[in-house]
């Protein structure tokens, strides 16, 4: 195992001899990983926000003003048996008024002067997550409107279209930006290790002629890449942690949904970033060293 | 001017000989610039959104229910003479009711049953932009509340605090992330040009001994850096344009403020990105070539 | 120890054609011939820097033809080479240049230090231990290369124009070194155009001319 | 053409001490002495690869002391050097290696082609025009270096051990080349330990020994 000893010794010596370029490499890797992990966190949280929003999406089915209790039950049963429908909520006239009161807040006092409740009763339907496709929901709404006892069907049409667009754009940009940054990170280490490799090309040629094995030649470079990646990843991780801490401390309650996107962060990511850095950099240096032929 | 001819020839030859590493460099520079320019666009738009939000920030001063017309005028005059106040709007009881009607939309019919208007009249004050500091606004509101004829003063306290935090965080992260990415871009080119420089170190030493001038030695490297930067910048610019076009085409009207952040983009940025790429890469290669001594 | 059977090597032109000879274990022999005749090429075939286009070569029991990429390093550890173009590392001291030949054997640092210091004494370069090659004269560099080739006690020692940079006094020192190494049992093969190296030594000399062996004589 | 006045050069040790001599325009002279005496160092002082610690050097009218970084290249364009360690570029062909010496003068590509081809004919390497240096024998490389030093028609030609890699036949070819260049008016200074190069030539020989000039004689 003296190969490993010599390799580590050589790697550390070379890292130290070129500390600035190595620090800059680690720093660049760190920046890349910081952007990537921030992006992943945002995407991740955004996704759960979207899920929450999707869960809140409901079709409101207003019933005829003069509908009988039996007819209401019939409609409810029909909805309950519908495989597309996840949840059925009945909102009576009184409940509707109570909700309005909540919405009005301090101005609710104006409702005190009402003589009769002008609001209709309604059902709120939640559809299954994967059925929330604009065209499908539209068809569904039209079908329901045809049923007897129904006065009107309402849902956020534009809202639903946007939800779909956002989801799709997010997926596409996750793959695109994530992939691009990963390639860039691999490349940055590749580049640095390639510099070292070229700088020691003569040495490598000579080592080969003196009878050095492939692992004797390669190991120092791979170790250098690995160390650069770990350091870079740690920089990225610390930066992420720092930024996150600042954001949490500032208590951003500006837009609740933005807060949700920024503030919630899985702890694993702080460990994953250095691991990812090490992996990417290792791949980069592996490619940089290339195939050694005698 | 044959120096320039030889330099361009040499630069192009070297660029071609190492096309993959050069493309990857340009690509990484492009990614960096894409992220940077996206970030700048978002910051830029965010800033104007924040400005708009700030403009919409008002202190609502509710007047006593039984206030006389003269007393109202006195209060108005006081506000108009206040140097802190940018704008004063009087909202009568009737106007307040009309606004509520707009807010309620389809459910406004419930207001028809009202016998008398329960809403108070009010003034809406807009403060100067640079006075929107939470502590200052708070003091102001308390002062106004002391005045005669005033029943209550309301403003978005939390909202204002958030506005301030967001503005500050945005400025800090602009500087931090922008600086970091710029350094990374410079470094990426530095790294690649350094590879070429090292690979041709022997050649450079020999050229010096044969009597080559400094510019004969340096120019090819600087040109290579410049070309890499321009190509990288163009990649970044095209990517930005592509992404922007997709977002505009998809007509994201999900959250209007988000739409405003994403969609508005100054045309100059598409030209600035390649120029920035060229500049950064030139700086990187300049540092990489370093001082040449005989 | 070294055996060539009908070996040919072509680059753009034919360089070597149907070369056959064998050097016995413990022998010290010379290869000579005009510039560009293929002396260096012949040595490169022995340590597998290049492979023959025809024929068979055996070195210290290894069949060069059948060598796998993986086993080439192990052959080379048995063959010390004094390269015509030196191949010294400019960023390493004389000590480290010589030590490299032992490090790749994964030898213990302490043993390395002892062996290197001893061999530097042998080539009269003890005082340049910590110098860098580009700070040495051509003749001093030549001797560092010889030291590096010797230090791992190879079974076979190849020397390519080992006195090209040396005056007659230093040439004699170096030749005496080779004789000593040879006396300790190492097979030595020296490529040179310097006839005074082998005149009146009684050693075997292989004359190359126009791609072939012209004659073998005792010098 | 070349004048040394009380020149000294120290590295860790004193290498040259109070050297004075002068080479006239159009002369062909030799410097000799044992390995490590400072021959290469003396030549390096002439083309300003290293600067003297004491004394004054004048080369083709340039005062080496007073040279600015910016003007060093222009001195070097007047001094062709055959380096002891060749300094050929491995990724360039023989043609491009030689052409380099003209490219840095920003000469026209067509002229470059003519001049390079002519000089390669002179050194008998026309057939290796497109070969790469590492594919050449030691002697062939030596001649490429000579071609590169000649091609720009320098005022002064320095040659450091130019026959170290050459057999006697090739040595003669090369020496005749130097005589020819000299006959055309170039001042030539050759450092060598090969006494046969200057014996019976009647040229001036400067003997170096232990940091000083021992004697100057006609060889």
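Per-chain residue numbering starts at 1, and chain names A, B, C and D are given in the order in which the chains are listed.
As a working rule, a contact is a pair of C-beta atoms (placed from the backbone, for glycine too) under 8 Å apart; a residue touches a chain by one contact, two chains touch by 3 or more.
A quick note: this is a predicted structure, and the numbers were derived from the prediction, not measured.
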{"item": "Graph separation of chain A and chain D (steps between touching chains)", "value": "2"}
{"item": "Separation of chain B from chain D, taking each centre as the mean of its C-alpha atoms, in whole Å", "value": "63"}
{"item": "Averaged-CA centre spacing for the pair chain B and chain A, given as whole angstrom", "value": "22"}
{"item": "Chain centre separation (chain C, chain D; CA means) in Å", "value": "29"}
{"item": "Distance from chain C to chain B - Cα centre to Cα centre, in angstrom", "value": "68"}
{"item": "Category of the chain touch graph - line, ring, star, complete, other", "value": "ring"}
{"item": "Chain-chain contacts as defined at top", "value": "A-B, A-C, B-D, C-D"}
{"item": "Touch list for chain A against partner chain C, complex", "value": "2-3, 6, 202-203, 205-214, 216, 293-294"}
{"item": "Contacting residues of chain D [partner chain B, same complex]", "value": "47-49, 69-70, 72-77, 79, 81, 83, 87, 89-92, 100-101, 103-108, 148"}
{"item": "Contacting residues of chain D [partner chain C, same complex]", "value": "11-12, 34-40, 84-86, 131, 135-140, 160-161, 164-170, 193"}
{"item": "Contact set on chain A toward chain B in their complex", "value": "21, 24-25, 27-28, 31-32, 34-35, 100, 107, 109-111, 113-116, 118-119, 158-159, 162-163, 165-166, 169, 173, 177, 180-181, 183-184, 187-188, 190-192, 194-195, 198-199, 201, 243, 246-247, 250-255"}
